[in-house]
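After this come two complexes, each holding chain A, first together with chain B and then together with chain C.
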Partner chain A sequence: MSEEGTRVSRRKLFGLAGAGVALAGAGAAAGVGIDRMGGGSTAQAAVTTVDFHGEHQAGIVTPTQQNLHFAAFDVTTTDVGELRQLLRTWTSAARRMTAGQEVVPNGAVGGAAEAPPGDTGEALDLPASDLTLTIGFGPSLFDDRFGLASKRPAQLIDLPLFPKDKLDPARTGGDLCIQACANDPQVAVHAVRNLARLGFGVTEVRWSQLGFGRSSSTSREQATPRNLFGFKDGTNNIKSEDTDFLRDEVWAVAGDGQAWMAGGSYLVARRIQMHIETWDREPLEGQEQIIGRTKGSGAPLGQTAEFDDVDLGVRGAGGVPLIADDAHIRLASHQTLKGTRILRRGYNFVDGSDGVGHLEAGLFFLAFNRDTRKQYVPMQQALSSKDAMMEYVQHTGSAHFAVPPGLTPTSSWGDGLFA
Partner chain B sequence: MPLSPRTPLAVLAGVGALVALSACDSTDSASGGSGAAGAIKVEASDSTCAVAANTANAGNVTFEITNKGTKVTEFYLYAEGDRIMGEVENIAPGLNRRLIVEVPEAGKYQTACKPGMVGNGIRGDFTVTGGAQKQTDTNAQKAEATKNYATYVANNTAALETETQKFVDLVKAGKVDEAKSEYASTRVYYERIEPVAEKFGDLDPLIDVREADLEPGQQFTGFHRLEKDLWVTGLQPDSSQVADKLLTDVKDLVTKTKTLQLSALDLANGAKGLLDEVATGKITGEEETFSHTDLWDFQANVDGSKGAIASLRPILQERDPALVSTLDKKFANVQSLLDKTRVGDGFKYYNQLSQDEIKAFASAVDALSEPLSKVAEVVSK
Partner chain C sequence: MSEEGTRVSRRKLFGLAGAGVALAGAGAAAGVGIDRMGGGSTAQAAVTTVDFHGEHQAGIVTPTQQNLHFAAFDVTTTDVGELRQLLRTWTSAARRMTAGQEVVPNGAVGGAAEAPPGDTGEALDLPASDLTLTIGFGPSLFDDRFGLASKRPAQLIDLPLFPKDKLDPARTGGDLCIQACANDPQVAVHAVRNLARLGFGVTEVRWSQLGFGRSSSTSREQATPRNLFGFKDGTNNIKSEDTDFLRDEVWAVAGDGQAWMAGGSYLVARRIQMHIETWDREPLEGQEQIIGRTKGSGAPLGQTAEFDDVDLGVRGAGGVPLIADDAHIRLASHQTLKGTRILRRGYNFVDGSDGVGHLEAGLFFLAFNRDTRKQYVPMQQALSSKDAMMEYVQHTGSAHFAVPPGLTPTSSWGDGLFA
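The block that comes next holds the complex of A and B.
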């Protein structure tokens, strides 16, 4: 330990000297955030760290980062002690990696030459890149293996099969999930890879998904991005500034049924394949009709600017609604859904091509809500039955997770669940 | 199940509105721009409707309506004969709402507030000046095209009714093998005119829904239900009933198509839509999950697309001869691939296709669909 302490502090000194006054206010967060960094670029590490601790897990209302690596795991052990221990190990690794550190001290190159390194090393020299790691527990974790049946929240339903779903079992379900978001894809991949590695023997990866080009914004400070259809997406999403909506529609409370979930949320993950080629042959006006917004500014049809209130009652010539009855934004709107809203994170994905010359591409949809039964499910029922956009998309993967509340510097994932 | 052809219908309904909006985004900020610039204020109360201006230039006219009354109200702009140009409903007391109306022609119009959302409303005269000639589809070539295509549709719907009758009789007589061999050849007539059938949003799902696409509470009826009975589960106690219902729905469809008014743009979008059906449903083998007779549908979709293009041919030939020769070449290419999979009067089953064959189909369909997607623009000029 003493040798390690020396190394770290020497690097700290190095970095701080280089970064100068810019770092003065960054304080302790910066101090712990640099053991993965070479000298010189420490200032970046200081400003690209998202606090791992808090009332809620990071990665939900955190401003959406550019890249995603999402992984769902099956628990392969039946020994509940091994599972608990892994969750503690994962917590400690996550705490370090989100601070820009290696998985373990002296991980990549500082350990014994005779042993495989404790950190895989591909994130060396890279800043924390706003990495967030968020854990979730799937419905299947609450079966009879670990005695957790009584801890299963009623909200954590097995999602129903929605019309037009074409779910691939190899992209569906999972006992656990890790959502890794970062502004550098290498950092997100590094995190999931190392957690998977720590989990061998206890868990195995069931499926995973890479995403890029965040297709949602969770803060008004972020411009609304575009999805692979070329449209601004998620304009009406709940933002981190909407504290009332977050309280009412996103965060679980003890009174919702399971006290251990207070401060947590429910995550719905859906892999939505887009028929890019047929979409691209759809005339512009048809595309805009299907979405219910203009492609340029993102204004709702009948309005002039992106954030103008959606007016579902405006009609054009002959009394025909400007926002069609089967337009995406009408069906997904809180007006149509009796006030229901969700918090959306989502990423575009391109998994190469499909073997017949078409892009294997789409949207990896992530939504957080307080009660999936009352929020996501009715919304998706309405969309998959009526949405004109369903002609151009197909849901190919699906999963649902209970995302527990945030941690203190001394607590671990699973503490509430196993208490 | 309907793929894109549902869209052309929606598109056509909304064309006017969308033209208005895109113009508004780019060039027309003077009359339709954001906020109040150029907007005409309307103050509505329970007994008055104060419109700040009673004239406007043709183009996009924006009204900003404020409800200062106590009743929920609506605001309309009417053309002569009370033809609705635009409306906004459900304006609750105290609320502001905006209405952007595309008014291409000069003329006499009327504004109306409707406190309580009933009655004739509080009317005011409104004059529009300037403006462009109204676009009409009365062009003789286009009229000829739609007339020809209507004949094509009529021939196919007549055959559809006859063949469905035969198919239904076989199902009801419990002649499973004969019903199976009649199944794919019956569907050909439906698949050829599918974009037309899909204009009847209530009938198409009854006739053609896929099991995987059923909505909660929706009954599994129509061709694919009988397909499942014939190929997978065996005939069910209600198979005869489902068969009767199919025939009723098909007859209903045939009657309704006779009154349908199609435009040249419908033909163009339909031709493209049929190929989109192929790309998303047939290339993947999803349409005929139980019988694997997807290639029969594939051929029928291609035939239907060709039928629509044939009707438009004189227009296309005059306006864009290069596009016509490209389409001919690409249609021939798809057809030659289909011909290679012929077996007797029919085709290979989808599950007998190799990955290479599927890929060749996908690529030929893409090569045809791209130029096909240009037809609407040429026709709409």
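The block that comes next holds the complex of A and C.
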């Protein structure tokens, strides 16, 4: 962690800088990956890195960066030794790349001329850009291939098929995942691409998803961003400052069943296609009733400001409830869900066009919770069966991962799994 | 244009800011779209806009922004009046959005509650982020539907099929195109999405492509960015400062045939998939021979610095030519091409995965030239038949557009076309 004085002055810089640069909050450390920074870089200051090490993996409560590249992998080897070695190799590469360094020293241009480069080079000259790399293990990794069945957490269920799911197998599942977040898309892409490269012969990319615009903030230092429905998203998200909620609702403990997961969490990834053309023809009033908030300020209906407490019982003229029975904010609220909360970290996406005249757009939903059985699943059961918003969305991809705890400077992503 | 004093101080701000914020160069004007900026924005300074008006459309010599959303449209109406009206509506919306404003005043939240909003809202609170919107007209627009056959420029050919092209019809062609570039992907996406929305019933999205990392710089103020082969790309690109080249190689004049195109240009869009996994197994020396430059500095082989003049005849030990007959830099050079140059403005992309274990990655090539028949076509004929790089790329999409000249504050994108 950096000194307070340094943080304040950097924050002031960011305040001046504005567009495109996220505020650097807790967990960000000043630093320049000097072995990757050439003299011709356009980015010479205000370069921040997020510490790869800590009690928890970075990329969960880290203030949400602007850009995402998420990839799910199939393990193609059946040799557990190769898998273990790859996790060590990946950890070493991730440790370096999150520090703004190449995969290996002088990887792109300094190796032997007759050898393939140790780094693909497209992030040369680019700073770390707050890159975080977060690993997860899917349910399928715990089948009979690698002797891991006894290590599978009870929380790491095969997600049920929810009402109206229309999942594409090519966007669903995965033995492993890497979540790369950064304030430069090229840095996030470079990281995933190099991990995929290092995995050649051991893993294959099953699917990958780019995202932008961080549809949920995870820090009170961040303004609440907007999703592609045009609404502020994540006002009542668990934030990095909510230490009690993090303890109770996000971080696994040894007593939850699998001691190796203590300090970890469970990641649900859902690719949610939005029918934005249909949404755009819905009157403002209808949109606001579906969400349960005003579009401009983000205030809950019946309130005046974004962060005002939600009052699900508030009534308007003639005693009519302002927040409808099928409003998203009601069904997703911790009041309705008996106190359940999750930490969301999703991104907006546009993946070309849908082939019938529209953009293929939506929200790549990422959420971390301590027990998916008790948190995400009942929440999504309620939303998928009752939410008025379901008319405008379709879940087209789905995955679930156990996200192990954080690392020390000498440990590896696979240590707990294979301990 | 802004005053020099303002530009210098803004540049200083950007210099401090660094990552994710492009330098604002020629054509950028200081300004804040104050009717879209709420109090809760994280971006409160260093906000720049690019003037929508001028002799030429913005987005051609404008210093390349970080993010791209490009969309091609089919016109679905056969009513020429509807098409003309849409071009007026689009111009008005583009004029406002490039100034950091909503599509219409108070569009997202200020309209009638029972009416669909006039702006989709996801760019509320976001600054203009140097947004440029550039329109083009495809060859198919000049068929018999709208009486435009006599207006078709001879330069606007149907592109030939080049050797090894593997074009996907769903990524090829289009009656119209919109190129949206900005330093915030959400701003570019918002712009395209709102133009698509305004076109409902008149146009449909045929295909769309997101990009990042500006694979070619168009100003000497910008460092040369890297493509996903890890090489600096665009060192010898035509830059906004090369006024003679712009006059001779980019801007159409009345004497070229169609007076309405004077001040315009011709845009070639090519989606080039890169087989990055194969490339990554190629030794450094082989990569450098294929390109004809060193990977680190970008210097031409046989030279020492990126911007050193290319010497195609330079020889190494034993008199062996250093720049091979099939090197990309040789085949694409203006020396080989009898002086022909183009202005490139492409972007890197990753579109998920290819379904067989790899990322779907590449370069979305955008180039402007004065006569595609004499510039892009012979260049691509040479490259597609001889370039050593062809083993690592595949052209999967293709389109060609006539880009009309710039606008006055009261003119419309369709004025010349329908004059």
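The definition used in the following text is that the second predicted complex is superposed on the first by the 377 of 419 C-alpha atoms of A that agree within 3 Å, B and C clash if a C-alpha of one lies under 4 Å from a C-alpha of the other, contacts with A are read in each partner's own complex, and residues count from 1 in each chain.
We adopt the following convention: a residue touches a chain if its C-beta (ideal position, glycine included) is under 8 Å from a C-beta of that chain, and two chains touch if they have at least 3 such contacts.
Quick caveat: nothing in here was measured; it's all calculated off a predicted structure.
Trainee: In the overlay, answer first, second, both or neither for which of chain B and chain C A:L159 touches.
Mentor: So A:L159 meets neither chain B nor chain C here.
Trainee: So, A:S208: does it touch chain B (first), chain C (second), both, or neither?
Mentor: Once the two structures are laid over each other on A, A:S208 reaches chain C alone.
Trainee: If we overlay the two complexes on their shared chain A, which of chain B and chain C does A:C181 touch? Say first, second, both or neither.
Mentor: It touches nothing on chain B or chain C.
Trainee: Mind working out whether A:A367 is in touch with chain B, chain C, both or neither, as first, second, both or neither?
Mentor: Once the two structures are laid over each other on A, A:A367 reaches no partner at all.
Trainee: First (chain B), second (chain C), both or neither: which does A:I135 touch?
Mentor: In the superposition, A:I135 contacts neither chain B nor chain C.
Trainee: According to the stated criteria, A:R315 is in contact with first (chain B), second (chain C), both, or neither; which is it?
Mentor: first
Trainee: Using the touch criterion from the header, give the chain among chain B and chain C with more contacted residues in chain A.
Mentor: The partner with more contacted residues on chain A is C.
Trainee: So, A:L86: does it touch chain B (first), chain C (second), both, or neither?
Mentor: neither
Trainee: After superposition on the shared chain, which partner residues are touched by A:I290: those of chain B (first), chain C (second), both, or neither?
Mentor: In the superposition, A:I290 contacts chain B only.
Trainee: Would you check which partner chain A:I342 touches, where first means chain B only, second means chain C only, and both and neither mean what they say?
Mentor: neither
Trainee: Based on the A-chain superposition described above, do chain B and chain C contact any of the same residues on chain A, and if so which?
Mentor: Looking at chain A, the two contact sets intersect at 277, 281-285, 294, 296, 355-358.
Trainee: Using the touch definition from the top, list the residues of chain B that touch chain A in their complex.
Mentor: Those in contact with chain A are residues 2-4, 6-8, 10-11, 13-22, 24-26, 32-35, 83-91, 97-102, 212-216, 218, 269, 272, 276, 279-280, 283, 286, 355, 358-359, 361-363, 366, 369-370, 372-373, 376-377.
Trainee: Quick one: which bits of chain C touch chain A in the complex? Just the residue numbers, please.
Mentor: Chain C residues touching chain A: 13-23, 38, 40-47, 66-67, 69, 71, 74, 76, 108-109, 111-117, 119-127, 129, 170-171, 183-186, 189, 192-193, 196-197, 200, 204-210, 212-213, 222-224, 226-231, 276-277, 280-285, 287, 294-296, 306, 348, 350-353, 355-359, 361.
Trainee: Using the touch definition from the top, list the residues of chain A that touch chain B in their complex.
Mentor: 163-166, 275, 277-278, 281-286, 288-290, 294, 296-297, 299, 301-305, 308, 311, 313-320, 322, 324, 326, 355-358, 381, 384-385, 388, 391-392
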